[in-house]
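Two complexes follow with chain A in common, the first pairing it with chain B and the second with chain C.
Let's look at the complex of A and B:
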């Protein structure tokens, strides 16, 4: 039973792959389609990976989507004002850092519940993005070619033409994995998630850790926003909005696979891939996009429910 | 209308036994409650008072119990039975909903009066006023929010709710009701108890406080190690006799031999420390010395340890080996302090996580390459080594700590504390909820810390334990240190009278 609980999600993922392979024998399991999926999902993946960092502490960051939008707009506005690419990118990353630190300040110093604090900043960041862009999409000649070319770049690797966005997501994955799993910093974040009061009394610097973890997530969200802006060669104040819910869903899917139900970034990866494959496969099968949403939501609930059922039984 | 049936009745409880596993908690206990009388129940922590109350409440099933009311045998198997028999309980944690009004709280266990489907506030408030008036608590406004009232008035709300029930109340059990009350509030409660008594109530009053027991109780029963050590009218006994009955047990634990060497230097100096309920605390502790902290329940023992650790805001100076210690747990651990908290599950452990992370929690940087990259192997090795050192019983080192016994969980918190060879170890009730076998292991560990030259500061409500392990004991009274005494020739009875702060009590032994 515990095996089913732990590996159920993974088995489900393989089942989904087999199902689409059966239904779409010519187009699904091809190199081109798989690389395409990886490119499509790279932004979501980055946001989900950094979301894992705050969720390891038992916290949330609801503002990642609007932070991604804001970062794209900041870069776009800089470009439109004639600044070079590195300035635009740097400003966007700084915005992510500042926003993340602000979230961390609200949560750790002012001790506002993360749900409430980041719900507030979600709205603030979104408003800032509208303000900076005047509510318009920045596109066309305002976006430098070199910037939008980045997303179309392919790098020959292991004999595969790897999309640059995919490689960037993999780099973030490796970094988050090292930080969370291989450093005292990351282990302490998990300790906070395990029992914040116990961690504090055992000498863990709670305020500093929560502050920096939220900053980490803010920068990650900004990176995702830049990736998005590069891919669509434009920036508008709502383009990152959909990322937040999917990212949280991916972390939850991943949590069903860990021993004690704590978020692990490799689990998050599987969660991201499940969402990506479902989306890709169902649209290839011409399933209506509304029906697609219902199916994906249902699958998330099923996976999480089976996890908590296992938990109930152990009690 | 009286809250109690005026007819004085007699409730007899006898042949009450209860064991947890092989450990007997209550042995053949007999208790007689008389309508119109207050019966005090006393005993040290672990004597069986709480178990007796839980049995009466129908929450814990007894192994054997005979209960008669006016000579008629009755059943007590569930909380519903207890309620039907007219047993009412005021627990230490008051069951009130602070967000609701006084009247709503009083009427919580009964259907809310409604008119056309809406709450009939008029009726609800009238009822509440009547319920409060039964024992003269007319100063409480039924429309006030319950959370806005002080603890003294909250107890009265709970009482009013209990006595407003449809079935008549026969017995009122109060568990340490004055623990959190001011003197004025306690006096008001005593007046209420006197009123209820006059109405024919049988009150079972559990308290640690000698003074008030002598003041309000008609009879007193003392439990010791699950046995009735004494039951007598308060008029025919003395404080000394009661204390002797409470503490005169045969020593059930053997304490490790005293290690001798206390070094000359001070490992800890506390100067004019104030924090929370504490003020003006000054003392010093030498290398290799074990200092106990005693006091009534919640006299500030935990607050003192947490203030020294820097986990609560404090004023005054704390010096560790001569250096001013910054007020944060992180700096305290880094400077060589270690801490074993009182509430193991809430403040100590990451339940749901393995043994290794629970032990290495404060020592992660020491187990990482240049403090940067963690080594899972080094952490596991430390956990295994320390597990052996504290005689931890477990299957796998990645075993979930929630699956371990209380004693083994406590050993994990201990292993964490001794992992970095601390200079000063703060122990808050180190054997709380720990079985006898694990206790002996923990005693040996505490003695070992002193032998290695560490200073130990520990609290315990088990007085023989405190005397057995410590070189000196500081008694906390009214938020400050009343006295510090050496433990040579100190008896538990003498210590208890110092804790009560009652110099009129002569040494009972």
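Let's look at the complex of A and C:
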């Protein structure tokens, strides 16, 4: 039963892959489509990976989606004002860092519940994005060609034409994996998530850790926002908003795969891939968009339920 | 555009191999939840060939997902794709479709050399109808206030046409060409600007008409005129787009006399027609196909 609990989601993922392979024998498990999927999901993946960092502490960051939108708008406004690409990108990343630190300050120093604090900053960031862009979509000649071409770039690697966005997501994955799994910093984050009081008594510097973890997530959200803006060659004050719920869903899907039910970034990767494969496969099978949403929600619930059912039996 | 004939040839080649199979058409939009979009889709489906397998995909406002779904449709090797989104924002996806030789039709999408064609309403013609309506109602003589918005290209062309029509009548004077602040949707600031103009022209009959490039300023002007107690001077107001509020004002039979209605279902039907032509191997020469619009007055506002 423990095995089913731990591997249920993975087995489900493989089942989904086999199902689509069966239904779409010519177009699903092809190199081109798999690389497409990796690029389609890259932005969500980056947000979900960095969301894993704060969720390791048992916290949430609901502001990642609007931070992604804000970062895109900050870059777009800088481009429209005639600044070079590096300035726009730098300003967007700085906005992510500042927003993340602010979240961290609210949560760790002022000790506001993360749900409430980041719900507040979600609205603030979104308002800032509307203010900066005047509510308009910044597109066309305002967005430098080199910036929008980045998302279309492919780099020959291991004999595969790897999309640039995929490589960027993999880089973030590796970084988060190293930080969470290979450093004392990461272990302390999990210690906070396990038992904050115990971690405090053990001498963990909780305030600093939470502050930096949120900053990390803020920058990651900004990276995702830039990727999105490059992909659609435009910036709009709401374009990243949808990333937040999907990212949390992906982390939850991943959590069903770890021993203690804590978020692990490789689990998050599987969660992200499940969402992406469902989107791609169901749309290729011409399944109605709304039915697709119901199915995806249902699958998330099933995965989480099978995890907790396994847990119940074990008890 | 040397690529067009090649694409045409490719499309014919694909057709020849799949002559008996059902033709698959993907309709991709981020805006399905908006009422206007539903009309496009209904019109498209009604005019579509019964042989088509139509897949309507909504990405719930997510533009990047539109690119992803175009990629999926290309992977699936559909026969044609229809989009209802700014082509500049999804050009990454359009490029994929172009490379695969799959024609993409814009349904009120915007012009792009990566679209086989775009079906929309003719902003020039719409502006000509309302400005000529004003000129005729004034019998070619009078003072006109214009509300324009040149920073937004689709609205700028409306203003340019109205300028030309009024300039062609020597006895029509454009006494103000106002660009309202549109932060709040355009009604409130237009109303304030109109109040100022009414105050500056207190003589009854000193303002004969208000021509607005879209409905909101026309509604703002109407409010100002009514509140100033000058509704009985016979000031003619026209707007454009025939939104529900404008239709109500026109139906009330007051100063707001006319607006233009776009035929959303007709745009959908014309998009289906364009797809049929492309699937038959035809190359569509026009980058834009215009669908007629209708002048809305008290005579037809209830239809």
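Following the convention adopted for this analysis, the second predicted complex is superposed on the first by the 315 of 315 C-alpha atoms of A that agree within 3 Å, B and C clash if a C-alpha of one lies under 4 Å from a C-alpha of the other, contacts with A are read in each partner's own complex, and residues count from 1 in each chain.
By definition in this document, contacts are C-beta pairs under 8 Å (C-beta built on N, C-alpha and C of every residue); 3 or more make two chains touch, one makes a residue touch a chain.
Bear in mind that the values here come from a model prediction, so they are computed numbers and not experimental data.
For the composite obtained by superposing both complexes on chain A, the positions of chain B and chain C are free of clash and fit together.
Shared-chain residue A:200: touches chain B; no touch with chain C. Of the two partner chains, chain B is the only one that A:187 touches; chain C does not reach it. In the superposition on chain A, contact is made by A:260 with chain B only, not with chain C.
By the document's definition of touching, of the two partners only chain C reaches A:32; chain B does not. Note on chain A: of its two partners chain C and chain B, the one contacting more of its residues is C. Distance between chain B and chain C in the overlay is 37 Å (nearest C-alpha pair, rounded to whole angstrom).
Common to the chain B-facing and chain C-facing surfaces of chain A is no residue whatsoever. By the touch rule above, chain C contacts chain A in their complex via residues 24, 32, 53, 55-65, 67-69, 71-73, 75-77, 86, 88-92, 95, 183.
Of all the residues in chain A, the ones that touch chain B in their complex are 178, 181-184, 186-188, 190-191, 194-195, 197-205, 260-261.
Chain B makes touch with chain A in their complex at residues 306, 309, 311, 328-330, 332-334, 339, 341, 346-353, 357, 361-362, 364-365, 367-368, 371-374, 400, 416.
The residues of chain A lying in touch with chain C in their complex are 24, 27, 30, 32-33, 36, 40, 43, 134-135, 137, 139-140, 148, 151-152, 228, 231-234, 236, 238-239, 242, 279-280, 283-284, 286, 288-290.
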